[in-house]
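The data blocks that follow each hold one structure.
Both complexes below contain chain A, partnered by chain B and then by chain C.
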Partner chain A sequence: MNYEVLFLKGAWAFYSLATAAAFVYLYNKDEKWSRWMFRLVAAGLALHLASFGFGMHYFWKIPDNRYYFPINSFFGALSFLSLATVAVFFVIESRHQLGILGAFVLPWAAIGTGSALIFANPAVEGLVPALQNYWINIHPVILMTSYAAFGNAFGVGVALLIQEHQIKSRKPSELCYRLPSIEELDNLNYRIIVWAFPVLTVGIIMGGIWAYSAWGRFWGWDPKETWALITALVYAGYLHMRFVKGLRGKKAVYVSMVGFACVLFTFLGVNFLSPLHGYLSGGG
Partner chain B sequence: MERSLAVLGLNHKSAPLEVRERLALLSASELAKRIKAEGTTEAAVLSTCNRFEVYFLTPEGDSRQDDRITAWLEQVSGGPISQHAYRYNGEAAVKHLFEVASGLDSLVVGETEILGQVKEAYEAAHAAGMTGKYFNVLFQRALYVGKKVRSETGVAIGQTSVASVSVQLAQTIFGGLQGATALVVGAGSMAETTARHLISQKIMRLTVVNRTWGKARALAAQFLAEAAPWEELPSALERADIVIASTSSDRPVLTTDMIRQAAKARQGRSLFILDIAMPRNVEESAHGIDHVYVYRLEDLESVVADNMKKRGVELSRAREIVTDKSREFSLWEKSLGSGQEASFKHSNVPTPTKAA
Partner chain C sequence: MFKPQMTRILRSIRFNIFLGSLIAFFAAVGTILPQLGQEPQKANAFMQAHPLWTKFFSFFGMFDLYHSWWFMGILALMAVDVVLCKLWNKPPDVGIVSLPPELTNEEDLEKHLDKKEAALKLKPFQAFFGSKMGLEDAWLAARGHLKREGYHVKEEFFLPGQAGAFTATKHRIQRWGSYFAHIGLVVILIGALIRSVFGFVEMVPVLEGGSRRMQHMFDPRSFAQRVEQLFWGHPWNMKEPIDVYVDKFTIEYYHGTMEPKLFASNARVMAGDQLLGQKIIRVNHPLDINGVRFYQASWGAGGMFRSVTLKLGKETLKLPQRTPVKIPGTPFTVEADMMLPNFTITDGQADTASLDLKNPAVRLMFSVGPHQTSPLWLLQNYPDLCFTEDANGQLTHAPSPPFQLAAVDPILFSGIQVAYDPGFPIVVLGAIMWLLGMIALFYMHRRRIWVLLESSGAGSCRVNLGAWSSRGVREYEAEFRSLAKSLRTELKSEDNFRLTENPIVEVS
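Showing the complex of A and B:
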């Protein structure tokens, strides 16, 4: 029996239930559902960690894979990305108690784990020699952590757009009083990005250093590199607008959403274009 | 002898302020001593600025204790209270306590402060050695019901006055209002009430602008705020987060151009404008500017009307919970005598003992 898959299925079930609880909470005002969401997320996170642990155990049965993170497959990468997304959400949630954000962030975790289970192959493969390097524990892990944070910022951004729309409509529904205020959402969006942006930048630079030690050049305009750079530039634009121009609210959120679209494209789309970073699609 | 709960109380509906004030001055420990002397083993006093209530266990169908406490209260408070007081016994008394804890009997329905006051009343009684098993369970249930009503119904969320709806909307934009700056343009009783509501939220700064400098000064003095001359309206607008427009001008005093300038200078910080003047003080097209939210009197009134409608539903849901839980408590009370103590279902407080 593959415990990695089994536990991931469990985590998926809990994330889906937590997402459902988050939506129930969004539409009825019962705090009970918010507490249930938090418990379900915690249970899902525990199962997910167990799944990841088993994943590592299986991965390390191949001596050449020791002691690298099992993120060389699409399955491993998606699983890790969702794990990081939930972990970041868990931290934000326990600090800010904005249960309402669950409805905007948790669907991503459920979709991520679900796609890993449905579309990706969990079979363990040996790392190709090029990836048998400690950098694989650093470069992609750092980048995916920043992606997870950007995913959370996206959820906060969606909540902000809904709240802004509610207030602009002059007919605020009950949802309006349940969502955090525009200013709080704007600040939270900003704080997540201001934290995730340096992580993204460090991740890209680490990739450059790895590229230098592997291929003798820092940068090669590989599509993945190019798109990671575009992502970083978009978020840098967002931070510039906030810091220097003081732009906030709806427009700032639009920019951050373009940034998140770039994240998704860098993570998923580019795999089919990139000769060097195609490992996720079985190339590379 | 069977004993049951009794309550003797006065509140903002039953008694005038001066009667309640006299009772609020009584020392709680003195009171506890007195009640103890009556031979009552379990009792608690809930004393707030809107109510004064004594809860105690008394032999069923016996009103002598009640009369003696009333007489003593009249004596120490120096005035008649009997005609202002209400009395409940048994399940009705339990239900009353649950209603009070739920905020259903409060002046501002659903307010949460009362829950803490009920808790304090219980803790004081506990410290004075005036609680036993019955009161321990009773007050735990009261606090549980109070929380349940607030978390499962919307009794507290729908505000039902233009001023409180304005404050609530401002909170959905800015969150806490502690750092907010408000600007009153003009005068008028609704503007004053709204400003008072904002002040009660501890806003950082309030500025008053009026075409007549003397009026601005007078109103500002009333609020301990600052006054600014009419010419400074544009710059005051730049600094303000919340604007209350209430002049008697028959043409808009806040033009779209003026607001656009202010919004630009505010660099994306939201600007919430309440136009409570008749005829309007704010040009309608200003609402289209990014980060600017103009609410007209009719918008606020329609929110109020909506809340009124919803509150009726929420109140009946809340009463249902209270009735249901007081009935459950009575069942528990009866089961005590039978030797087979019942347990509470769906309870988040520890059950006294497991049901057999």
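Showing the complex of A and C:
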């Protein structure tokens, strides 16, 4: 029996239940739904960590894969990205206790985990020579952590747009009173991005250093690295607009959402353009 | 030279954001339009398929977009603009705005004492309380307390019997984070520029057991090398061409698959008779000779082979490349002249999908005396498949042959990438500066507290606090509240103190 998949299925179930609880909490003032959401997320996270642990156990059965993280396959990458998304959400939720944020972030984690289970192949494969390097435990891990944080910021952005719409509408619904203020959401969106942006750029630089040690070039304009750079440029634009031009609210969120679209394209879309970073080729 | 209006545009952050957007846009175009540097075959195919577009795109260097003069120009302009922006534009940071009254000397303090309320109201966080300590004692105690809290106390002014004031700051380095990060960015770009001027990358495919001469020459008389000598010294001072030898190439596959787990070249680098370096190079483990690095970048089967083995019933027959061999017990001779590593059919003709040995196929010619049959293609992985090839190279299915392709012993080539990048240490230095700048800018939070003490008779005084922080409002509010409370205890205050935030809200 493949315990990695089994535990991931369990995590998926808990994330889905937590998402459902988060949606109920949007329309039901009872705080117990928020508490349940948090507990379900914690349980899902524990199962997901166990799944990752088993994944490592299976992966290391091939001696050449020791002691690298099993994130070379699409399955491994998607599972790790979902894990990181939930972990970042867990940290934000523990610190801010917004409760309401779950409805905007957890669906992504549930979709990510579900997609890994449905569309990706969990079979363990040996690492290609380019990936047999300790950098695999650093470069993609850092980058995917930043992607996960941007995913959370995107959730906050969606909440902000809904709140903005509610406030401007003539008949604001119950939701308007449940969501935090626009200022608070804008501040949270900004603070997540401010945390994730340096992580993204450091991840890109680490990739450059790895590329130099593997192929002798720091930067090769490979589509994956180019799109990561585009993502960084968009978020840098967001930070400058906010810092210098004082951009706030809806417009700032639109810019950050363009950034998240770039994140998604860097993670998924580029695989159709680049054989080097493509999961199917197993390249670097 | 430049009109003031021009420099204003150049140093504006808006213009820098525009340049960043332009770089992002063209970088994205380069990932969609096939590039000669990244995917030469795809780019050539595109050029053949769209001759009209090709004329247009080639004019603007779009097939080597990232190295085109105008793209490099935008990058360089961006670097210059970042420097201009940082030189001319002060950071939008309320923390550097001094608290009015402008406390430059004691007289100023005296002059502006009456304006203190208004001045403190400019700070996002304020607290006011009375103290049961004399002015001087309270002044010393407040300074001591903030120092113990990790604050750096400066701008101290004291008028005996009247008032005292000072500012206390923490994590002042945060202010320099932005400068440091932007300088780091420019240093990275300088490193990249040094690489593009002085560095090189050359792909040297070497057949196993053979050698290949590098195209790049190390001519000490060249301009680039003379400049390099002046600054950091060129790795090699020789006029002889460099030959790369691969004495042995090893490839190992994961069990039961054609996925390589290791490939390595036993490589030698020679300049004439002189041995410059020797190593078994693997991916991620290059050979370094004075900064010039030899990387194991790729490998492949180019179609050469030592021998192929045919299975005829129980017998096997080994055929070296292009050497006719007589088939025992028959009048036939057979010759294997061509091998394709990953056989596929393109436009009815034999072709290879890649250079790895995923589906090896061999072309055989049978002859009896002077008469030769049509060439025949046999596939190692599909023993029942067989194709004949006509004079135009077109393939036709043929019935299963009575012999099979049992094995191929290919001569592989090792793709060795030779790279020299004197800009790399500078890029790393820039990256470290960027990282430190980012940590200071985003992860450290500056706090600045203004303290104004006024005497309110013997043995008591009035304490006014104003504060600002780059931290989030919510987080700093809690921190300031706790700091004000501890200071109040320290200064033996019995008041219910007022802790305010703009707009002023009373807190008991």
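The criterion applied here is as follows: the second predicted complex is superposed on the first by the 278 of 284 C-alpha atoms of A that agree within 3 Å, B and C clash if a C-alpha of one lies under 4 Å from a C-alpha of the other, contacts with A are read in each partner's own complex, and residues count from 1 in each chain.
Keep this in mind: contacts are C-beta pairs under 8 Å (C-beta built on N, C-alpha and C of every residue); 3 or more make two chains touch, one makes a residue touch a chain.
Being a predicted model, the structure only gives us computed values, none of them experimental.
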For A:32, select first, second, both or neither according to whether it touches chain B, chain C, the two together, or no partner.
first
Go through the superposed model and pick first if A:245 touches only chain B, second if only chain C, both, or neither.
both
Which partner does A:170 reach: the first (chain B), the second (chain C), both, or neither?
first
Output check: A:180 vs chain B and chain C. Expected answer is one of first, second, both, neither. What do you get?
first
More residues of chain A in touch with chain C or with chain B?
C
Looking at A:119, would you say it contacts chain B, chain C, both, or neither? Reply first, second, both or neither.
neither
Using the superposition on chain A described above, determine whether A:254 touches chain B (first), chain C (second), both, or neither.
neither
Dual-contact residues of chain A (chain B, chain C) 245-246
Spell out the residues on chain C that touch chain A in their complex, using ranges where they run on.
13-14, 16-17, 20-21, 23-24, 27-28, 30-32, 35, 37-38, 66, 89, 92, 191-192, 195, 201, 254, 257, 259-263, 282-284, 286, 293, 295-297, 417-419, 421, 424, 427-428, 431, 434-435, 438-439, 442-443, 472-474
Contact footprint of chain C on chain A as seen in their complex
62, 64, 125-130, 132-133, 187, 191, 194-195, 197-198, 201-202, 205, 208-209, 212-223, 226-227, 229-230, 233-234, 236-237, 240-241, 243-246, 270, 273-274, 282
Contact set on chain B toward chain A in their complex:
151-154, 157, 168-169, 171-175, 267-270, 287, 290-291, 293, 295-296, 299, 302-303, 310
Residues of chain A defined as touching chain B within the complex:
29-32, 163, 166-168, 170-172, 174, 176-177, 179-184, 245-252
